[in-house]
Each structure stands twice: as structure tokens, then as C-alpha cells.
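One chain, subunit A, appears in both complexes that follow, with subunit B as partner in the first and subunit C in the second.
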Partner chain A sequence: MDKNRVQVGQLALLYLLLVMGGKFLTLPSLLAGDVGHDSWLSVAFSFVWDGICLCFLLWAVKMNSDSHLDLSAILEKSVSKPVTKLLLIIFFVIFILRINVLLSSCYKMFSVTFDVSTNWIVYVLPIAALSFFAVAKGFNAIARMGQLLFGLILLAVVALFVSPLLEVEFGALKPLGEAGWDKILLTSYTRSFWFSDYIFIYFVLDGIKVKKTVFTPILISFAVGAFLCILLNAVFVALFGYLAPDFDMAMSKIGVFSAASTTNGRWDWLTLSIWLISVFIKVMVFIFCAYKCIEKFVGSNFVKFNWIAAGIILLTLSLPLFVSTEQLLGTVIKWGVIPFTLVQYVLPLLMPLCTKAAKRKTEVNNE
Partner chain B sequence: MSNLKRIGVVLLVIAAVALVAGSFKGSDVLDRAIILGIGIDAEENGGVLMTAEVVAPGNGTEQVGTFSKTVSVKGETVNVALQNVAEVTGKEASLGQCVVLVLGQKYVENVDFSDLTEYFINHHSFKESAVICCCEGSAKDLFNKGNALTQSMSLAIATALLDQAEKLSVTNNSLLQYARSQNELNCTGFLNRVAFVASDNTDSSLPEKELGYITYREMCVFRANKYITSLSEQDVKGMSLFLPDTYGETFVSFEDTVTRTVQVTNKDVKLKAGKDGIEAEINITVRYGRTDSEEVSGALTSKNDKEIPQKLLDDVTKQAKAIAEKYLAKQIEYNFDLLKFHEMYRRQEGTSVSLAERPMSEFPVKLTVTVTES
Partner chain C sequence: MKISFDQFHKLWNGQDDFRLRELDCGIVLKAVCLDTMCDDAKVSAFVLQPIAYIGRADSIVEVEKKLAAGTGVRKPPNLFAAVEDFTNGYTLIFDQNDNCISVDTRTVIGRSIAEPPTSMVMRGPREGFVEDIKVNITLLRKRLKTPNLKIINLAVGKYTNTAVAVCYIEGIAEQRIVDDIVQRLQSVKTDGVLDSSYLARYLDVSKTFLFRRIGSTEKPDIAVGKMLEGRLAVIVDGSPMVLTVPYLFVEDMQSPGDYYENSAMTTLSRSLRFISVIASVLLPALYVCLQVYNYQIIPLRFLITVLNASEAIPFSPLTEMLLVLIVFDILREANLRMPSAVGISLSLVGAIVLGDAAVQAGLLGAPAVMIGALSGIGLFTMPDNTLILSLLRLLVTFIGGVMGLLGVIISTMTILVYLASMQDYKTPFLAPFAPDIPEDRQDAVAQIPVPNMKKRPRSIPNENSDRRG
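Up next is the complex of A and B:
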């Protein structure tokens, strides 16, 4: 149990890395294709929902701080076992899809930006090996790694941002809401797959060490992450205009506006590589969560590393060999938005109630 | 864990690392023709003549600095020409470090180069921040003048247009800005025109060597990648008055026997789009210029530390207004929009076909110019 213990500060830093990792790949171009220069508003709305849900989830974390119940215990005691299993399946699907989308976007970035090509299996194997090693070592290992690399990654993101920020004319984002507010709100919902990164917190509920406050550090991280994501989207659409929907690797495109890169080499490639670490950390966290989903689903605590669970996850990572990312986004994720809403937006709102009910049941049972 | 198991794990890890490392196919820097700049000229049969400045890395440690050579190849399209560069150099053409794209005069004046713009803007390696410009004469000739500049022509053009242009009141253009200008609203944009100017060689040790420098004070205007007109140095000066980020314009005033030069040190430009047209307020701050100002063809002008007399300020105001109005008249005459008047209205009204189709004559400009001393 101890190896999955995480402090609130570590959780906050990791959460910020997760918010920043992955949203600067294909998402900005998809949003630009949907709502043009209003894409940043769509992102802002998504973060508003995220912020509300996060507050409820943190409330549940606070309530759970003295009882340390895990997700399945809370759900089983409050909403019954079958519902818990159903929710765990949805969680598993969402994590696997997000891992695959993140990995395939990075794969594309490696081949087109860095001109390094390999086959999917050889690309995925080392990442999966590292992730399973982290799973075996426990969530604390991932949190500490995030803590160590946090400063470097944040510096890289800032370095990538500074030059385009000076180039951009924010007036290009006017008039606000040109795409139509209903369309912007709808886009924010249909593209919600990329948001609600707090869902990993469900799987470390029993390991969070709450000393003083749980809200302040995590909400600060959330605010910083949300601000950077909204800013990046605004910069991206203002800078690339009609071309934004065609540029599917937002971060690598934005990076070329680093002033030093013009005649003194490609500084942006270095900072981009460092930023990519946050994407791999996100993949590791989601693989940890997918592994936990299997553990909770079968209803037993894996004391030793479970190779079968790892094998199942590894098999699902071969998905991009059969379905392209475009197909995945156009079909599975498009229709999956509704069930995903259950765990992304409905469950967090109910978590304080569920936690309270589960705690009461536990106390009654103990008595 | 027993020692045998440990050895087994270590061997397994080494084998896995070797397998993974061997499966990543990167390319060695020596197998790549790193292109610094590309020149495109028109071919008579409709294809292109591509001139690429390629970095030639030294094999030893004796060589210091950037050594480059130019390669000229023909191709039906840019892509074919790039493949031919690879064939000629025996290396894969790498565009990741390319800083400049120069289009020859015949090419820009006679060809619709939408395909070329689209090719480079969508190229994954080519930087959108790279400089795009056109040149006087052929791009091939320009690139082959690198020796006369005693430095890489690509780097010279990129440095000049990116770093110096602003201080000389010449606007610069990146591929991204240009590509957007040709596809959004009025669909007009410009390219700086680079020219090589030969200078006298006073070096007695190398009397045969050609020397010179590049100028970039003129522009060509395009609509949807088709040539419309050229802007003279005076026109560019008029245009730059409306741009708050450029400065350095000089004005010359003749009074009796004294010639005085003042230089723009600061600019405050307010452009407001209203129902009746555009209101433009230009407030420029000037100071006495250098005594050897180029504006008076190298002749010495009077330098004066005293306060600039009102008469001189009035004269500068008159001159500035005249060149600004001349430029605005040209915008209307050729219906191009480099000052982004359409964009100003788009920000108020939103994007529409009717706005994009509005001619420049429907945007009358009420111009006010004031000049003060810094």
C-alpha cells in the first residue's frame, strides 16, 4: 500500500504535467477545424467544467482522508457492485483510448518533426516496459519522477511559448464567439475526451496523504495548467489563421517561432523533446490507472506484479496497428463521449455523496 | 536473486536495448544535404530551376565557419527539383534548417505560384518562420553572389530581413505571414525584393574578386500568388509610416543653403475602422539624423544639436503626409490591402464574403500626421 502513497504537493505537480501533456498535439487543430479562432473559448469552457468537477472530487478526497477507501470500495458500498464493474470498464476504455491517441500522436511527431522512423511495436515496447516498471514500483515512483522533472518541463513549455507570444496579434481572435456560442459549447463537450485529466485521482484515492489542505495546491496547478492550455490555443489560432486546422502538431509548429531558431539552429527541437517527457509521464499514469482498473475489476489486490493484466494492456496498445487515429477519433471516441461523460463529469459530482455513504457503511460494519 | 539470474536479466536487457536501438531508423548528418536557402526560377518549359545553398561540413577541425556551395537543378515541380538536389549531392535533402526562400523575378512576375506556397507551408520540415522574398533578376545569380558578400547568401538575406529591416523601416515577411495573406480576406500580400549591388574592390591582394552588398527596399505585391505591382522605395516608406513597429525613416529638408536630415525614432499609429472609413493618426517623433545620411546621396548634411525648428517639423509633416497619401492611392489603384483594413472590419463584423470582396476604394482614409521632436 505504501508504494502507492502520494503527497498532495506531488499530486498537484503531477496533475499540472498531465494537464499540459497531450493537449498541445492534435487537439488545437481539431478545435480550430470545429470553431476556428474561437477554439480557445471552447477550451476555456471545458476547463470550467473540469474545475467544477475537480472541486467535488477534491471534496471527496478530503472526506476520504481519514478512512483511505479506494475507488471500488467507495462505489461498491454506495452504488452496488454491478454499477462499479460497469464504471470500471468505462474507465478502462477511456484510459486505453487516451494512451493510444497520445502514443500515436507522439509517433507521428517523431517521424515528421524529428525524422526518426520505426515500427509501432518497437516504439511502444520501451514505453510500455518503462510504464510497467513504474506500475511495479508503485504510484509514488511516478509522482516522484514528475516532481523531479517538473521544473525542466515547465521551463521547456515556457521557452516554446515566449517567442510566438511576441509574434502573435491577439486582436485576430475577434470577434468573440463568431462560430456561435452554441457550437462552441457543443464542441467543448464533443472534444471532452481530451480533458478531465483529474480522473487518475480516482485510482490513488486511498493513497493520498492529506496533511493540511488538499484544495489550494491542486487548484493552483489546475489554474496554471488551464491558463497555459487556453493561451496556447489562442496563440495557435491567432498565429496560423486559416492554416490552423491543417497543422496537426501544434507544439512543433509553434516552436518554430523561437527567434533563435531562425539562423542559429533548432532550439525548438530541444525544448520540444523535453516537453514530450510530460506526454510520456501522462501515458505512464494512464497505464497505471488501466492496470488498477483490471485489479479492481477482478476484485483482488495484486500483491505482486500481475503479468496477465500487463499483457492485456500491452495487447490493447496494438490498436493503432488496426485502426488509424482519425478513425478512432471519428467513430469510437465520437460515440464514446456519452458513456465517458459518466465518469468524467457525473461521477465527480456524486463522489462526495458516495464517499459519505461508503464511510457510513464502513463505520456501521465496524461497529 | 541468484548471480545466474542477474546475469540473465542483464543479458536480456542488453539484447532488448540493442533490438530497440537498431529498429529506430534515423539518418546521419553526413548523409544529409542540409539546405540553408532555396532559390526558385522559372523554366521556359513550365518547370522550375531550383538553386539550393547546401552546407558543406568540413571533415577536419581546421575549417571554421559556415561553408556552403550552391547546386542548381531543374524539375517539373518543386518536389521533383528537391529530389534532383538529392541526386546531385548524393544526400537526402534536409529542409529543417532552411532559413530563406527566394523567388526569381521572372518566376514571380509570370507564374501563379500557389502550388509552391502550398508545398512549403505544408512541408513538415520547412519552417513557417523562414523568410520568403523575391529578387531582382534570377535567384540562381543571387545565390551565386555569396562569395562577393564573403558569407552565406541565405544567412545574409535572413539576417538582413529579420534583424535589420525593422530598423530601416522595411517590413519583413515570413512564409506563414505571406501564405496567410494570399488566402485570407482580400488575398493580397507582399514580398520584399532583394537585389545585389556590386561595389568597388579596393583589396589589392584580390583585385579580381567581385564585392557587393544586398538591398531590400522595394517590394512586390501579389494577389492569390499572382503578381500585381511593385512598390518603390518611396512607396515602402509611405507604407511603413502606418506600421508602428518599423522605424528609422529619414526625411531631408532643404533650407536656403543648408540641408538637414531628421530620423524617425518613435512612432505612434492609431488606425480606427468606422462607418465612414478609416481614421489614421500617425504621430512620429524625430531627431536630427547622421551627417552622412544616405537620403542625400552621401553628401554631408548639417548636424545640429539645437532644437528642431518648427519650420523643419512642418516640412517633415508635409513630406510624411504626401508619401503616406501616395501609398494609399496606390492601394486603391491596384486594390491591394497590405495595411489589413479588411482585417480591421473583420474584427468588428466577423468574416463574410461581402467583406472580402469589398474594394479598397470603399475604405477612404482620413489621415492626420503630426511630427514632434524627441
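Up next is the complex of A and C:
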């Protein structure tokens, strides 16, 4: 069995988990700080662009379904080896940064919300161990686990949403576009680092088992995920108003509304913990992609688990020991937006062309 | 290797139970058998009497034809096969030219067919497999009256030469899986096979040994049910446990009686089994980590009760829970080794006296004992995996006690990744849930009525998916 093989259905569910995992941590407060109660519009614009890019990427997936070429094969055959290596470096950096931002947000959530303060290394090591174990077992195992836990996570998200949704006054979102449409659009671009979760699909291109359709299930997942994210942002800024930028853990603050009375116990913490599984799944998927970046960069197939690659990734996870998340977001990611845009938003648009060229070249070589 | 009587005689002469008779019926014949493995009446009726009444024979071929009273007469192709027949209780007849025939004179010693103690049912057949391979094959044949039931006979084990039969239904089981399993069994290099569980380890492709990867059943109706889904049954002489391959995790949640009950009741009982197994593994860990780190989650009244009960306990919640779980495991292990009559008293002593005394003495809190007991009992809904789940429960509890909710989440995810990665004989271990196979969910946790099950499960590779004949 190819341990990195994945069905379209599994990919769709995993994608939805990835969209939901991570966007309910510090992003809503950051957006609220940028554009106030119009943050949900900024999220909506980001998702519009995500949707367009996703369609192009899925088109490439469909074209690749009979040839099963991997990302580096497509890029090397359609552009060139040096450009491929450069893109892989950008991919690696983006994955590592996203993993670090996700982990540090979760770390903060555990210490602030759950009152469990621990050392960064002690906190990161078990998550990294789990992720490397999953990498060794293959993407298929991650996808199957996502499939198993999907219902539970969705239930937890719905449980966290229901109470605040009943209490929220959506009138607080008016007037629309108060921050200025150009600023809203610009914010959706400057905060694009948090979006384009579909980039993991690049690294499973060769393993996607397309049976009937590839567009419908994944686009449905995308639509559901986008709707939930926009809704959460709208609920968040409507509930907390001008205080929203100060509440950096959106999901835990929203969860407070689910706890009717403290005498009944903070059951929202339990649902919050279940939702956190989706964040860990996202971390696992991104670590898998970072590992694949190294594999493709060195140009060999790691038949057995490669400890050196794992060691490199593990070293990069110590980044928050030296740079705070705020510094990361304020400097590295701010300046990295342009190269990141290249792989997040430009490459997907070119992927169908690249795939077509790579396929043609493969056919010619075979002849 | 060519058969030679002298060689054969050299191998066995001197053994107390080795019997040799020289007979003359025109040609000189030598009949040999093992007294301990043969039935005297059969030797007399199928070998000695027919030869005595033949009168004259010119060749062993003629003797073979006239031994028609014996149903199992054959020509072993080589010395190895002759020795195998001989040790299985066949009588070998040699002529002067070292031609040999073997006659089935096996003795039937063994217990009679009875209801297996591990798979009692309220309704349904009560027959169980026994140690004799022939009887076990008969039990399958009784239920599968079709020429499509194929049986491949093998002998495994250098010294035990244990007879192994691979049974499958041609046209349902996938031939590639059959070939794979036969090849695996043929390549087994071992001194001896004393039970089917020995071979289960060789059939476990990924050799993980943590979770059970090969099914086993003591009931012929269950074995046939599984064969009708495309699985293979591996019968080992001397073992009442018949192996079934491939195997799914969900089979652990299915009880032999499920198919003879109302499907709604089956769905309910299977759901309870699922919930109790998940709760058994996670409940102690959650109890410890909520008490130590996130007590705010526990409702106030419940929290007060727990705190009052554990106030005077000299151990930390983690130590307390680990103690309860270990004591429970010790009791379970002792109970298994004890004769059944003593076992009942031991359970009572363990559960009531020991638990109550520990609580009264203030060594353990009543909530911890209750959760430990609940978790322990819950595991028995999945009897075949009790030990491994018990080990995982201790591990998750320890990690939960050290790391809190994060630890419980991480360890649960690790277990799930591990389970999800397993795939033997093209069968994903967690099917039909991961990967999701909607058609197969008709008989996973929920069960639809048997007449509505028109397709064979897709999770198990098969050559004919239609069940309607």
C-alpha cells in the first residue's frame, strides 16, 4: 500500500478541519485590531481569493489524476530545477512559520485559559513526536484519523457556537465597510499568511486517488469552512465590539458564552479541547509538508523515516524561544508576505499549466 | 526423497509404540503403524483382514484396489509425506520394491463438540470447534454444502508437523489473498505449532503485535459467516480456535449472538460496547487530569463530592488512580488463573472486601475506586483486546496525570494514528470508519436487518460482492 495515498473524500474532510483549526485563535483579534468590526469582511475577501486559487489547484489535481506526478516533478519539468528548489524553500519557511504561530497560540491558550503553564520544549516535544510518528506512518494515517475525529470536532465547534450565536446582536456590525474598503482589502492581503490552507495539497498531489469528482467534495468543505470562519469572526466582533482586539484567544472567549453557570462546570473547556484536536491535526499536516519539502529539496525519496529531516524541523520549532509570536507576525511574516504570495496565490493559478507541461514532457520522455 | 522401507525402519525401530507386521499374500508386505496413533479396530478392519482375505496378489497396486474397505487409501509421493501420514495415525504398507501405500487408521481421541466457553450465546447454534482438525472441517462442511468450499492442507512445524487447513469459498474469497496466506504459512520456519495463536503471529503482516490483527473464533457458524464475507478460515490441528483473515477492528465489537437478535437490539448493544471501551480507556485519565489541572470543568456539586472523598487520601490523584487500575489488573489476572469456583470468591473478595477496605482505611477515594472499577468492567466488552487496552489505559492515565488535557489529546491521537495506519491483506484495520465505506456501515456499529444486507463488505477483498446468490 502507498502510505501517502488519500481519497478525495478524506482530503475534503481534512481540508475542512484545517480551515477550522487555527483561524479561531489569535487571528480574529488581530483582524479586529486592523479593521474593527469589519474584520469578517476581510476574512470573506481572503476566502474569495482562496476559493479561486483552490479551483485552479483542483483543476491541476484532476489533470494529474492519471499521471500521479509529485510537486517537484511537475515544477522541475515545467519551470526549472533551481526555481523548484527556491519554491521549496519558500514552502518550507511558510510551513515552519505557520507551525510555530499555531503552536505558540495553543501554548498561550493552555497557559491562559487552562491555567497549565509549562516549558515550551516540554510542550512542543510531545506534539512533535506525535507529528513525526504520523509522518512515519504516512499521510494516509493522518487523513484517516481526521476522518475518524471529524464528527466529534464539528460537534464541538457547533456546541461552542450555539450559545453565542443566540445572544449576538448582528446590528453591531453596521455600518459595513466603516474601516474603508481599501483598508479591508489590504488587511485581507497582509493577513493572507493565515489563509490558503490548501497549500498542503501540493505535497500530496501524487497520492490523491480521484474516483469520480474532485471539485464537489473539496469545494463543499471549503464553503462550509469559509462560512464558519466568517461567521465566527462576525460573532466575535459583534459580541466584543471595541474590546475585540484585546481578546487574543477568540475561541476561548466565545466559549465563555456556552458556560451558562460556573456551578455547572466549564464544559466549554472540554469542547474547546476537542476543537484543539483540529489545530494539532493542522500542525501534523504542516509538519508532514515541511518534511516533504526537505525530501524533495534533497531530491531523494526517504524510504525509511529520516531522522535528520525530523531533527531540522524540530530545531526550527524552538523559534518561539528566541522570537515572540508578535515579533514573528510583525516582522518576518510582514516582509515575507510577498514571497509567500508567490506560493499561496500565484502558483495555484499556474499549476494547471505546469501540470499540463510536465505531463507532456513525461509523455515525450516515455516515447 | 524416495521412500525406502529400510530407511523408514531405521527411523522408527526401537520406539515402544512402533508396530511392524509381515504379511504374505503372494508378495511379501510389511505393514507398519504407531500403536498410540492408530485405532486397533481400524487397523484390523482396513488393513489386516482385507490382506488376509485377498488370497493372492501380484502387486501392491492390486492390494491397494482390494483395500477398498478403507476410505482413506493413498500413495505418499515421498518419504516426507509417508512420515507425515505415519505420524498422523496412518498405517503404511510396503512391498519388497519399496512401493508404499498408506491407509487411514487414525484413532479419534478428543472431546466431543460442545458450546465454547468463550462464546456463549442466548440464541443461535451452540456447536463449537474442537481440537481435531477433521471434526472442525466437518463442522464447516456441514454449513457449506458447496463444491466451492476449498480446503488447502499444509503441515507446519519441523517437529510437530501440525496439520493446517486453509479454508475459503472459491468465487468469494480473493485468490490473491488465498495465495498470500498459503505462501506465508508455507514459509513458516518453526520447531512446532501447538495452537492457532502461533500461526496468527506469522500471519500478522506488519508484525506490530500490539493489537490483535487476526480474528479467531470457536464457533463454526461465525467462521462460516466470515467466510461468506470473503475471509479465509485457518484451522490448526490441536486448536479449537479457528483463525479468520483479514480482520477488522470493528469485529471486536461484534458478538456471536448479534446476528440472531433483533437488529435494533444489536445496534444498541454494539453502541454500548463502543462507548464503554472508549470510556474505559479515557475515563481514568480524564478523571486524573481534571482533578489535578482543570477542576473547573467538573460541576461544582460533583467537585465538592470528589474533594470530600479524596481529602484524606495520602496519595496524589495520579498515584491513587494508577493504584486502583493496577490492583484491578492484578485481580483480573488472578481470576483468570484460578479454578472457576475459587475465581468467583476471589472476585467478591477483590471487589467488595479489598475495595471497601481501602476506602474505609482512607487509602483510596471512593470516586477513584468507582471509576477504576467502571473502566475495568467496560474493557470486558471487548474480551480479546482487554490486556492491550488495559496497558493503554495505564499509559494514557499516566500521561494525562503528568501533562493534563494536552497529554490525553496527544496520546489519544497517537493511538488513532497508529490504528489508522494499519492495513493487512488490503484491508484497512479501522474500516468502515477510516477510510469511510458507507456501504459497510450496515453491519459495523449499527446493524440493518440481515435480509437487507445485499452486498458483501467492501472492506474485505472479495471476488463477488452480491450476496443474493
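The rule is short, and it goes like this: the second predicted complex is superposed on the first by the 361 of 367 C-alpha atoms of A that agree within 3 Å, B and C clash if a C-alpha of one lies under 4 Å from a C-alpha of the other, contacts with A are read in each partner's own complex, and residues count from 1 in each chain.
One rule holds in what follows: contacts are C-beta pairs under 8 Å (C-beta built on N, C-alpha and C of every residue); 3 or more make two chains touch, one makes a residue touch a chain.
For clarity, every value in this text was computed on a predicted model and none was experimentally measured.
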Subunit B versus subunit C as contact partner of A:Gly138, first or second or both or neither: second
Contacts of A:Lys174 with subunit B and subunit C, given as first, second, both or neither: first
Contact breadth on subunit A, by residue count: subunit C or subunit B: C
Which of subunit B and subunit C A:Pro126 touches, first, second, both or neither: both
Touched partner set for A:Tyr242, first subunit B, second subunit C, both or neither: first
First, second, both or neither for A:Val116, with subunit B first and subunit C second: both
Partner chain(s) touched by A:Ser300 [first = subunit B, second = subunit C, both, neither]: neither
Which superposed partner A:Val256 touches (first subunit B, second subunit C, both, neither): first
Overlapping contact positions on subunit A, where the subunit C interface meets the subunit B interface: 115-116, 118, 126, 262-263, 265-266
Touch list for subunit C against partner subunit A, complex: 293-294, 296-303, 403-407, 409-410, 413-414, 416-418, 420-421, 423, 426, 428, 430, 433-436
Of all residues in subunit B, those that touch subunit A in their complex: 16, 19-20, 23-27, 94, 96-97, 99, 121-122, 124-125, 127-130, 155, 158-159, 162, 176, 179-180, 183-184, 343, 347-351
Residues of subunit A that touch subunit B when the two form their complex: 112-113, 115-119, 122, 125-126, 129, 171-172, 174-175, 178, 239-243, 246, 253, 256-257, 261-263, 265-266
Touch list for subunit A against partner subunit C, complex: 1, 3, 7, 9-10, 110, 114-116, 118, 123, 126-127, 130, 133-134, 137-138, 140-142, 144-145, 147-149, 262-267, 269-270, 273, 276-277, 280-281
